[in-house]
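Read through the structure below, which is laid out as structure tokens, and then see the notes.
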Amino acid sequence: MNHVANFTKGLLKENPVFVLLLGMCPTLGVTSTAVNGLGMGLATTFVLVCSNIVVSLVKNQIPDKVRIPAFIVIIASFVTIVELSMQAFVPALFESLGLFIPLIVVNCIVLGRAEGFASKNNVFSSALDGLGMGLGFALALTILGSVREVLGNGSFFGMRFMEGDAILIFVLAPGAFIVLGYLIALINKLRKTA
Amino acid sequence: MNLLTLSGSPHVHGDSSTKKIMYGVVIAMIPAMLVSIYFFGLDAIRVTLISVIACLIVEWAIQKYLIKGPVTITDGSAIVTGVLLAFNVPSNLPIVIIIIGAIVSIGIAKMSFGGLGKNPFNPALVGRVFLLISFPVQMTTWPKPAALFSGLTDAVTGPTPLGHLKEAVKAGRTVQDVLENGSSWVMDGVNYSYQIPGYVDQLMGNMGGSLGEVSAIALILGGIYMLYRKIITWHIPVAYIGSVVVFSGILWMINPDIYVNPGFHLVAGGLMLGAIFMATDMVSSPMSWKGQLIFGLGCGVLTVIIRIWGAYPEGVSFAILIMNAFVPLINRGLKPKRFGETAK
Amino acid sequence: MKTFKIGGVHPPENKLSTDRPIEVLAIPAQVIIPLSQSLGAPSVPVVNKGDAVKVGQLIAKGEAFISSNIHSSVSGKVLKIDEAMDQSGYRRQAIFITVEGDEWMEDIDRSAELKKEITLTKEEIVSKVKELGIVGLGGATFPSHVKLMVPTGKKAEVLILNGVECEPYLTADHRLMLEKGEELMVGIKILMKGLDVKRAVIGIENNKLDAIGHLKNIAKDFDGIEVEALKVQYPQGGEKQLIDAVLRRQVPSGKLPIEVGAVVHNVGTAFAVYEAVQKNKPLFERVVTVTGKNVKNPGNFMVRVGTSINELIEKAGGLPEDTGKIVSGGPMMGKALNSVDVPVVKGTSGILLFKEKEARRVDPTNCIRCGKCITVCPMGLEPVLLAQYAELEMWENVEAERALDCIECGSCQYTCPAGRPLLDYIRLGKFRVGQIIRNRSKK
Amino acid sequence: MSTIKNIIEHPGRIDKIENDKITVTILSQSACSTCHSKSMCTVSEMEEKTIEIKNHEELEYKVGEQITVYMKKSLGTWAVMFGYFFPFLLVIVSLITLILITGNEGLSGLISLGLLLPYYFALHKLKDKFSRTFEFSLKP
Amino acid sequence: MNDIIIYAVIFLGVVGAASAVILYFIAQKFKVIEDPKIDEVEGALPAANCGGCGFPGCRGFSEALVKSVNEKQSIEGLSCPVGGNDVMAKVAAILGIVAEEKEPQIAVIRCSGSKENAPKKINYDGPATCAFAHNLSSGESGCPYGCLGCGDCVAACKFDAIYMDEVTGLPVVKDNCVACGACVIACPRDIIELRNKGKKDRRIFVSCMNEEKGGIAKKNCSVACIGCSKCFKVCPFEAITMNNNLAYIDYEKCKLCRKCVLECPTGAIHELNFPPRKEKVAEVESNVEPKIEVNKDQSLDTKE
Amino acid sequence: MANKKESSFKNMLITLLVITVVAGLALGGVYNVTKEPIALAKKAKAEAAIKAVIPEFDTLQVYKVALEDGTDSLVFNQGYKDGQLVGTAIETFSKNGYDPTPVRIMVGFSATGEIINSEVIEQKETPGLGSKMASDKFKNQFNGKNPADFMLKVKKDGGNVDAITAATISSRAYCEALQKAHSTYLKDGGSK
Amino acid sequence: MEYILILISAIFVSNIVLSQFLGICPFLGVSGKVSTSVGMGAAVLFVMTIATMVTWLIQHYILIPFGITFLQTIFFILVIAALVQMVELILKKVSPPLYQALGIFLPLITTNCAVLGIAIQTVAKDFALLPGVVFAIANAIGFSLAMIIFAGIREHLVLMKVPAGMKGVPIALVTAGILAMAFMGFSGLV
């Protein structure tokens, strides 16, 4: 197994957002700023890595037919852990991500990796896979968040670089759809030429 | 002898063409254009020119460099979009914002879908709503009309009659009171007063508002021209305006203190512009006359709802855009009656 | 004034040859008589190379149910039976005859006398019509005898005569009605007898006031024949539209006119029936309009089948210098020709010459979804949808949107401001759907 | 799956043929069917469903043959009605009524959810009637 | 241990047990049928989704392959033209069976009615698709069997393996053709044929489909097959058949001896990728022009 | 893959039970660990707001006061330093913002009834428009003003408040919340 | 009136898809067919209502009384996952013909994201049971509305040759963006 590939494929080639188009809800929902995108991405990464590790550890102990509920419990547990810790240690971020933290649990990417990868591979590859996928997700969310923040708020990671009004709509709902739409078109194009 | 041409029937073609239709619309917009030049002066020309040129350039660039297909900017549709976008913004809008509007109209709302005829939404309105949401300040402060001619400075801005009325009613005053007595307030030690213009003024265009929406008469003139040239049919404008009158009339009869009379709805704001020029865009409206009636009706009802209860003082743009979204469903639901289906 | 209910257009009429009486065209030196001249299976030749034939002699037999007999239009020698380019531009079997003199079959009554009395029985009429190769002259060249055989269980109530000639430019039927009114009436009576109906209506558009007046006048002497003036509207001549206009009945999709108790014949067909039944004359000549804005002497000519179109054009003043397109038939439904060296057939109603400038189509833009094509479609279809589905090769949808109902009238394409080649795509769609349906029934 | 006029079609495969009864297996796709990565998230998203069809026309079919099942669209609508909409109405109406009567939310909620049991029981009783109504046909 | 933990454990346990029961039944009732091999096989396929195999997309093909193996332990008659033998070998390995080798094929254009050889006699004015032009009439050149030049085949090719040559107005097949057959179906005139690639990519074929009599055919196109049977007579391997005034070379029988090429009076027989001839070339070439072709792919490259 | 467990009913039940019990234990544990910090964070947030709007205090007296119209009540936090009242922080709200979510504001009144400072606790107004109510530029205009003579209305409505551009509604909501706090404050007896 | 406000708010003003970003996957993924979308809508309506009721009961009768609200996520997702599948299972058991007809007509419903999101929001907003259920219904209607409109636009877009680069998801997202923009016109209604 090529560990490097396990790790990097999630970043670019199989980027969960731009290429696999998974987890669109949080992608669109939390990316009004770059920080939110990054925060959500990291939270998801944490869940992904941990659940991948655990799933990979216990994969042989779980009968096939309860695989899915078992995985759900595992994932939901880590989500809850993230929820509680964020509430405790980064309450501000927790509030702005709101509903979407518990929704990590239904993000297809998490279950998909547990089911599709971790349940078949060893712990180390699974961890790498989770990390790669998670960081790919975080990267995508951060890019989307940055673009929206720059266009819509005239700032980058909270630092304002322009006076006056930016194009407000980009931090609102329609902007999320539109920016993501064009980003995906752009990535498709880049992938094709590359 | 030159080579014979071979093609399938029919071998003759009617005399209408996309170009003729589009330039027909441009001609129909001239009266409104003149009125806005009269009231807003050179600014009107400035905004319109920038908007049209920006639209043309964006369309040209996308066709040439992104789609890499034939360039069709001469078909006139981008010009129509440009003028209508300009008609939908205040005359003192900064150049950058106009250009953003043109990019959104043509780039996002039209060319992303493949260009002329493919867009489900009205491009000029997408541009306008985009700007309205993004730049609420700039998009909702209008220079007072006739400022250039009456010697006042441009800096003074006045609200639209609709916006003003809505605010005042929200503040607890009755409609009559506002209409008759106007309002006045003191800000930074200066006395401001605002009197909602009379119907004649509103008809002629002597009121605050976007470039093209100020004169109902000029717009109707354009509409009659388009009807005469068979560019549009009566269905959408009549259904639209009719339903606004009926719906707002019912509300008015229920409580004239809160709800202003239908006549006011008719002449104020962008209703005429929307009903005559924007809802009738054939690309984004239903194809059958029955569908067009339903479309007009939907636009009318939504316009009144948004005007009266919504956050925005003006509902025409949103109403048309929302109904645009329903057009595929309307077209799908209202198939023409096939020949032979009526036979018993 | 009556007209059909759905759709329709009104293209400029351009009836340039209205005032030109029918002129008999000289017999050419050679004729080429294609073997497939009517809808249905090609006919089978019954003469051989070198045989001598007379005018009106049977030279090919229609053996299938929907097929028709073909008679020689000249006297002379069969040069060969070989492929010849027909109006479709493809080569098909045809009989070449070198003309020698003008010797007619003896049993043909060549007198000009009007024979009013109908002596034959219903059955004899039908077989006569069949034998003498009468096909519909309204364009579709459907063997007329088939239409006279009303399927069991159905009842014909009204015979409708199609004198609409709604296509611009064409005037052949118009002239025929003016010049051969009486014969026409007798022909109608024969058809009525053949069909066993009491009522016949001649539908004529209101732009042929003289013909309406004339026929109304003589119709007084003929029981049960009415003349109905119709509002000018293309494609009123379409069978279904005409029935709708005259009777206010709509033939259901996929059904024949007899479903609503009507049978439609073209006025030219009625005249041919008269000649066949009363004068024993097979269908081997017909009236053809030669016209066009550049044509020196546009006119209406009585032409023998098989005559080269070139000769017709010469007669009308020669091929104009800047001719860009030659159309057989009217401008809305006619077929563009590859060359002038193709023969006139039974279905040729007109030859139309377009100037170079008129010949090219307008450049299409994207469809602007104006819905005008839908408004004008006389069949209540959505041409824009049909064309889009066909373009995307979504044949199932093409079928579901009832492409097969399209009568190819061209109103949609004529009207489309975007200049979309709608009918082209619809035709392709119909073709493919036809194939699919055939495959399906094979299974 | 495609729709012509009032007909819904679904591809399937013949599994079993007994006399005039043909058992067809169809692959029901999930809402994510067009999703790029359905192979990655197999939350039992693809399901095989079997359908029984009466072979009225006595046509010849082979086991394993790929065929198309179709039915009237209105049947689909009725299926949705019986499968989802009527039970929904039942629950919501009973919930409102019970809350109005008892004023106890928890109890009302439980009872109205419980009402689904008799509903499903009724459906069960109607099985034969349904199997006559919901008829499918095959298209080669 | 505090209450919270106890409650948490109890209730989660209960819910866990409950879902175990429910999901157990569900698992029993709805077996997840997708054979994992389908995924694997799909992974090995080229993902071109061209339909050349005769199935709807690569996934459909994978399903068919797996099914075929399950039912009759072979994948006889199933092959992916795009991937060729390599891919089929891989697939066979996944499925645990032996793949049969298939002679690689390529599309050839059997018409030489270029703008020069078959000048146009009319203007076609309509949508630029061959299907229309074909339905409308015999085409611009007048040859009812010839290429219409609107490029339906080019549009049909998913591999960018055909392009229209500007000069000749004829389509040209490039080396990267995978013989998926899409163009064969697209061409309304059945001009394109899939033939064996031949040794060293060498091919000989009659580049004409005209069944008209020689004179007529020749009138429309100077390089038409006139049905003279000369090639038929000269072929030592009986690879040529004559039918309806038209010669046809069977690629299974043809041994690439090139005798027929020299014999053809109109130059309707094409040879591809052969080295230039030494003897007699001058004479032959003077009377018939477009006889010897190099692979057009290369000429394209040099043009750019 | 090596000896994967069979899907027998017993196995399934046991596996899930084990997993859920472990999860329950783990989560209960994490909950216990984070309970304190979460509570602290919440408290810190509330206190931060109070601290921001009134001067330093050592004791805090918290009580509820019903609104004038009696529909709801506001939480009063009286801060004392050395037994001396330094200010009252009132948590007030307005439901008439642009977003349906109420705008919640902490406002501090000095013993003399002037506004010391105000702080937004929660608002979901449009970013870039109404959300500017949290900016110093807007809210500082209230500081040091006594609502008794500083009309808590936007200038458009005849008051003394400079509205946020294009967000009059939010500005009004802010004023309304402050007004509500002030009236209740007076009703409660002002500084007492 | 309260209920009407909940309905208007959830359907138009803060539409679940267009402004809350829940259930985007089926919104983008479900094949663009109007008839199917309507059926999907009814199914989602039922599932969402039932799920909200069950989770509400769990929240108020188990999680809150026992102080284990922190287990909300894990409880809800397990319950919802089981429930969604149970609905199908029961239908299959009690009425095979019905189940078969549905199989042909509809794709499976697996909009867990939206269902869970609404369940959580219902309890987070402190709704009583009935308003909570109305909230769920309203969101299901909002979801269906967005789906149906979108299916219509998609059916339309299939016929318009969209530029290659924008085909598929990108143009769907841009369209959704414009739709969201249009729906902002409803803001302020509640």
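Going by the order they are written in, the chains are A, B, C, D, E, F and G; count residues from 1 in each one.
Here, contacts are C-beta pairs under 8 Å (C-beta built on N, C-alpha and C of every residue); 3 or more make two chains touch, one makes a residue touch a chain.
Just so it is clear, the model here is predicted, and its values are computed rather than measured.
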Completion exercise
Greatest centre-to-centre gap (Cα means) from chain E is with chain F
Practice task
Could you quickly compare B-E and A-G and let me know which has more C-beta contacts?
Solution key: A-G
Handout entry: Farthest chain (mean CA position) relative to chain D
Key = C
Handout entry: Geometric centre distance via CA averages, chain G-chain F, whole Å
Key = 32
Handout entry: chain B and chain C: spacing of chain centres that average the CA atoms, whole Å
Key = 51
Completion exercise
Between the Cα centroids of chain A and chain B the separation in whole angstrom comes to 41
Exercise for the section: Going through chain D residue by residue, note those that touch at least 2 other chains and give them in order. Expected result: 32, 35, 39, 42-44, 47
Problem - Set of chain C residues in contact with two or more other chains - result: 89, 336, 338-339, 359-361, 421, 424, 427
Exercise for the section: At least two other chains touched by the same residue of chain A: list those residues. Expected result: 21-22, 65-66, 68-69, 73, 76-77, 80, 84, 108, 165, 168-169, 172, 174, 178
Handout entry: Interfacial residue positions of chain D with respect to chain G in the complex
Key = 1, 3, 8, 10, 26, 28-35, 43-45, 47, 49-52, 69-71, 73, 75-85, 87-88, 91-92, 95-96, 99, 105-106, 108-110, 112-113, 116, 120-121, 123-124, 126-127, 130-131, 133-134, 136
Completion exercise
Given the complex, residues on chain F that touch chain A span 1-8, 11-12, 15-16, 19-20, 23, 26-27, 30-31, 34, 37-38, 41-42, 45, 126-129
Exercise for the section: Provide the residue numbers of chain B that touch chain A in the complex, in ascending order. Expected result: 100, 108, 130, 133-138
Handout entry: List of chain E residues in touch with chain A within their complex
Key = 12, 16, 19-20, 23-24, 27-28
Problem - Interface residues, chain A side, partner chain E - complex - result: 65-66, 68-69, 73
